[in-house]
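As structure tokens, the structure follows; a few thoughts come after it.
Letters A, B, C and D mark the chains in the order given here, with residues in each chain numbered from 1 onward.
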Amino acid sequence: MVSPLLQNGEPGVLLLSMVPGLPLVVAFMLLGRATRQTGLQLAPWAALPALAAALLLQPGIDLEVAWFFMGGRMGIDEVGRSFLLLAALVWGAAAWFGRGYLRADPRDHVFFFFYLITMAFNFGLILAQDMLGFYLFFGLMSISAYGLIVHNRSPEARRAGLVYLVLVMVGEVLIFSGMVVMASRLPDLELATIAASSSGGVSFFLLLVGFGIKAGLVPLHVWLPLAHPVAPVPASAVLSGVMIKAGLLGWLRFLPLGQESVLPGWGGALVLLGLLAAFYGVIIGLAQQEVKTILAYSSISQMGVMTMLVGCGLLAPGHGPQVTWAVSIYALHHGLAKASLFLATGMGTAKGSSPAASGQLWLLFLPALSLAGLPFTSGAIAKFVLKEVVHALPAPWLGILTFVLPLTALATTLIVCHFLKQMAAGLPHQSAPSPAMRLSWLLLWLSSALLPWVWPQQPAYASQATEAALLWQGLWPVVAGGMIMMVSWRWWPVSRHLTVPAGDLLWLVWPSHKELARKDEAQAEKRLFSEIKAGGRARQLLDFFPSQGRRWEKKLRRWSLVGAAYLLLCLLFLVMLFR
Amino acid sequence: MALSPSLLYGLTGLMLFVIGLAALFTSPQLLGKILAVNIMASGIFLFLITLAHGSGTLIDPVPQAMVLTGIVVSVSSTAVALALLCRIEAAARPPAHLPKKKDEARQG
Amino acid sequence: MAWQNWLLLLILLSSMVPGLIIFTLAESNRGWRTALNLCGAVVKMILVLVMIIGISQGQRFAVALPLLPGVDLVLRADPLSALFVALSSLLWLFTTLYAVAYLEDSPNRSHFFGYFSLCVTVTIGIALAGNLLTFLFFFEMLTLTTYPLVIHRGTAEAMAAGRVYLLYTLTGGLLLFLGVVWLYVLVGEVDFSRQGLLMPLLDGHRPALIGIFCLLISGVGVKAALVPLHGWLPRAMVAPAPVSALLHAVAVVKAGAFGIMRIVLDVYGLPLTSGLGLLMPLMLVATCTILYGSLLALRQDNLKRLLAYSTVSQVSYIVLGITIGNPLAIMGGMVHLIHQGIMKITLFFCAGNIAETLGVHAISRMNGVGRRLPLTMGAFTLAAMGMIGLPPLAGFVSKWYLGLGAINQGEGWLLVVLVLSTLLNAAYFLPIIYRAWFREQEGPWPKDSGAMGLWECHWMLVVPPLLTAAISLLVGLLANSTLSPLAWVRFIVTTRYEPW
Amino acid sequence: MNLSPDSSAWIIWPVVVPLLGAVVCFLYKKKPRLAGHFFAVVTCGTSTVLGWQVLSQGVGRHLLGGWSPPLGISLRADGPAALMVMMTAVTGLGITLYSGGYFQSRLAGDSQDHRFRAQEQSFWPLWLLLWAALNGLFLSGDIFNIYISLELVALSSVGLTVLSGKPPSLVAAMRYLLVSLLGSLTFLLGVGFFYKAHGTLELAVISKALAPTPPVIMALALVSVGLMLKTALFPFHFWLPPAHANALAPVSAILSALVIKGSWYLFYRFWQGGGLLAAVGIVPALLGSVAIIWGAFQAFSQQRLKMLVAYSTVAQIGYLFVAFPLLVDSAGQGRDALFYFAISHSCAKAAMFLAAGTFFLQLGHDRIRDLAGVRQLLPVSSFAFALGGVSLMGLPPSGGFIAKYLLVSKAISQDLWWLALIAVVGSGLTAVYVFRAVSSVLSPHLLEERPLLVVAASMQWSALALALLAIVLGIMAPLPLALLEVT
């Protein structure tokens, strides 16, 4: 087991500040012409401090930076450590991968600039130990990811970017409002305080939806299937592998998980919503052709499962830490597996063209099926901790979920099989992967396969998850799913009968490509013209008074009028004085 | 109230003032206006003189001094007015093709 | 004791004297003019620093000049005025630097810089005014000194804008005048340091107090561009960019907002204002302004006009903060005085830069500007994000405290207003950023004055926006440090307005 | 009056010096300009000494030649009188300096040498005579002397008006003369009635003891109407704009800034006691209000700059009368407002007319529309014009602001709301027409026309000095107000 080597102290603080600091420095090196090449060389290594921090630092390290923003606190806790490890691995491997993937792109420095700042902010939000720090990094990460999504500047990418940005802004203000409401009741804004307090009502709802946008909560998931296919492969990998987990982390940090007297109704709703997403994602995903879109829908489905977990946390008082831990394990497992699948889409060539390629296809089965919870994969552990949580639930939910959970695994099997088939069918032509790409992919694959086995603090789970009774429970959905897919390929290919455009629900509200409605030049000129005309009329009107005024003034010059005024005034004075 | 000579003179003076006033306001000619002003001045002088008579038998010298000075002022201002009138006439005459302007000028 | 009195006058003179000398300089005398301007600006900065340090150590600065029997012209530096003075003198320095390069070859520069300096002098006077009449005194002078700047281009459009500007501001000035005189007749000297001065009148003179309040607020509201009174602001943007920058960020609009602050907080005081039932209407006006300004900004294609409408909207944040009437919200409003100033001046600098260097005025023609002017657009992006209120930029800090104050005061609906405003801000700022960075250039620029050495255009055009953008980042990023505006505002609120 | 009859012999000098100067200028035709400057400076000096004496020693009184009233001539200098003398002195000095430059430039720049020389030869004696007459008017203690000075003022100003020799100015001067005569004769008739009622001509006595007896009422009515005529209060303003606008530049300034103040000052003198004002104060106030609005409106409609400025005088005269109801209570704020209007208007209006005259001289026209860009040619004059406008508008810091403040606050404290509103609205209207001119003058256009001649520096700077004085009056109010307190 990895044991924390570094205690609180100077080196720890230095390492902690390098976690977001190094990527930022490298990112800004990319902006200068002179330092650009060095920056590109360094880019894949920028995640190393994060990795080191995740592996070496003692949970509980805490660093208060009073002058920073509005009172900053950075540190590592148990949950953060697990998320940081995931983030460091995926970001690092994807960056390494990306160096090769974008080797022919003249704007690779632009990509890596956004990549690195997004990475830094992602690390930052994991480390943040106070409300505003979390919000700060969350917001920054969301905004800078825009640059990743629109990197290839195609119309589809712009549209996806727009949808993403709109949703990000909506999420942003929702989170802001939720946090304001929450902060107004708290003595201070540290996460520890928040965890101890119970927040309900408005702020709960606002934060749930706000973070839900990032976490791909149905029906706010529409940006995911749009953004993934258009973004460069490494960007998709981190998007699906890590960044959507930030929303999850937000829930873990700010929702009152496992507390008494908080809205069980909300918990139930969240569980149902999660289950809905789990199946909905699969159904829509089966109708897709494009591999990255399929993976995106799979992510939606998997995030649905995690949403359900969070919902369980709300339903099960007293099990907060357990749920949190389960979610972080699940997230670790899903993040690594999904990222390695995504990276694979960036190096696939026509099927069977080379031994390496076909070998890679076979290797893909492991992360793919681990998503479905195949025994002896990381997915099995994830499913196991999931069940542990479910067992803690009160009566109706326990029954429902025990019944439904295997079905979600089955559904997942369907979609990963669909994905594998599409992969095997071949991808649009891509240049052959460089050795670095292969190496980074392998690294991710290995960590996906192994890490959940070695990582947990209680290895007991690993052994429990491999008990014989559970083996069958894990195996049958996969087998059944595989058979269903075989049958459907043969007689009833889903994607031929069901076509849903990527972004599904979005098409109801925004059916076609529309540029932002900007008034065009002709319209502007027309208005200007009418303004001028109105001005002329106004001037005519204005001139009326002076001309009349001059006329009257002329009349006033007559002596007779003056005489009359003279006499009148004399009389007026006399009368008024006599009175 | 009996019509004492001083009252009669005074009222006459005021009448003259009013007549001058009327002429000033109605006379179309500048010369007429100048004369009207003179008549007004004379009326006032008459009025002032009656004040000197006053109540007692002693003649008050102050109004007389006022009238004397007033006459000087009146004469000089009439002179200025007449000189000005001459300049106006002179300025209006040369452009014979503009007879209208002359009328305007005369009316002031 | 003596030097404290002289200090305030020196602060005024440090920009007035250069201004007056500049009037007499020949048009071609560029070196002296620039030197005088910059010297004045730097000297003023130093003096202001001395003053601020003095205030934080509890020294008192005041100087009085008898104006009329029983009515004095009082300059006094309290923490609130120090806030505004610091903003004005700092941004004056930057704007001067910018203007020197911006107006490099244009005519009438002596004139411009002369009025420019006078304008700052008057703004400082507004900030330091110790009583209502002194405030009025400088407030009206502001109209006069800014008018020549607004019409500086001399085009028909500029002259028309000048007329509209005068129409609004002079009318506002008259209303304010009437209100001030009325109040003086009622209570005599209205000194800002005497709080609760009007409290005894609450029983007998309620209608009069309400009437005066309306007069005063509508008077300063014209300059603060509260919504029915905002018409001049978008038109006044025909002025040269440094003028717009100063007008929007520091001088005119801020003077109005500052005036509302003074009237509500110091003249009437919050208890009286809310006792008269006047806070709520003012709050409604502020919210309408916030939303209406943003809605109109959404429709603009001219960058400077958009920024003008954005000012309309943003300045009402300040008013909103005051009217919520909660210490936290007041902090948010007050600190927005600084934050909005810094961010907006950055935006106008950048807009001017784009117009000056590339001849681009319309947003629809801004595609790819980021490639050509990366530094400028970088600064623009930072400032625009700050305007939206994204952390950790300046705008967020204001928004956060406004929101917190609103919730604490039980006015949860204001959060919706803030949220809508944020979304609207995003809706009109993000497309600009998008065009500049993520779109390719379409066709050649209308003109291109070319890069200059290391810089993308004249360095004096780039450095000021970069510095102000950096400051707008820093004041947010370091909001909690003891040197930030937020800390100062906290000092003001805790020392003066905490009881309420 | 328990002052000794000769507490201050100095009083005579502000009258005698310019009178002497007029004679010298008339006789010494070779260099009238030099003599004119000399006597103007000396007059200004003696006036200043007088002002200082009044301020430090209180009211001064002097009997000419030791003859006591009613036959002797008595001079009396109290605060208001001294202030008016000072105003005349300062404005007069500025105008004198301007005139020197004005005639010098015209003589240097034109071949019509002879005509201009004749103009100058008549200008200096007339101007100094007018100055002497004005000072006499302000300082005279009895109302018949005042009548004489009034006539002297009228005659010399008519003389000045016709100097330009243009037909419109002749017609205007004629009308001016007739109106003046009508006014002063009406005044004289009033004087007669006063004498009948009180048996004395001493102004101090008369204005203190205004009882509503028929002769006094008659006298007051006549005097008031006569003085209104001479001050060109609406509806008697008809003669003023053409006369003022068609005169030579320094003359316009003299007429607008100083001459109308003479008759206005008398009006104030007769009503200063308050007393009967409660009954009729509304009449001048109403006429004044109409004048403010009508004058502003007409000024706005004008095409020529000097006409605009002249109509602005019509409007400002309204301000001089509008505050009369405020004199009713004895607290001096109403009086302060009136006099502050008078002195700041004097400086500002002189500056504006002088600047307008400079434009005219430089460009050969004063069409407002074509003035755009004159700033490049005449920066100092343009600035002076704008500053004068600021004071007229009553914007701080300027004398006009102080006056407006005093007026409005007094009106509000007496619950005369309409008056406060009129004052405020009036200053708004003033702003409208002033900015119509100022925006043209200050506009940064490039001027296409070539200047006709070189303008002497003294023309520009004297206007600026006066304008600055109008501004400075806004921050040194305690001094003039202290002088006013001396009664």
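Just so it is clear, a contact is a pair of C-beta atoms (placed from the backbone, for glycine too) under 8 Å apart; a residue touches a chain by one contact, two chains touch by 3 or more.
Quick caveat, the model's predicted, so the values are computed rather than measured.
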item	value
Pair of chains joined by more contacts [C-beta pairs], A-C or A-B	A-C
Chain B-chain C separation of Cα centroids, rounded to whole Å	67
Distance from chain B to chain A - Cα centre to Cα centre, in angstrom	101
Inter-chain centre distance, chain A versus chain C - centres from mean C-alpha coordinates, in Å	37
Geometric centre distance via CA averages, chain D-chain B, whole Å	27
Set of chain A residues in contact with two or more other chains	562, 566
Residues of chain D touching at least two other chains	182
Which pairs of chains touch, using the document's own definition	A-B, A-C, A-D, B-D, C-D
Parts of chain A lying in touch with chain C, wherever the complex brings them together	31, 66-72, 132, 135-136, 139-140, 143, 147, 150, 153, 158, 161, 165, 169-170, 172-174, 176-177, 180-181, 183-184, 202, 516, 518-521, 524
Residue numbers on chain A that touch chain D, as the complex places them	545-547, 549-550, 553, 556-557, 561-562, 565-566, 569-570, 572-574, 576-579
Complex interface listing, chain D residues touching chain A	179, 182, 212, 214, 217-218, 220-222, 224-225, 228-229, 235-238, 276, 279-280, 282-283, 297-298, 300-301
Interface residues, chain D side, partner chain C - complex	372, 375, 379, 383, 390, 393, 395-397, 401-402, 404-406, 408-409, 412-413, 420-421, 424-425, 427-428, 431, 435, 439, 442-446, 475, 477-478, 481
Residues of chain B defined as touching chain D within the complex	14, 17, 21, 24, 30, 33-34, 37, 40-41, 44, 47-48, 51, 61-63, 65-66, 69-70, 73, 76-77, 80-81, 84-85, 87-88, 91-92, 101, 104-105, 108
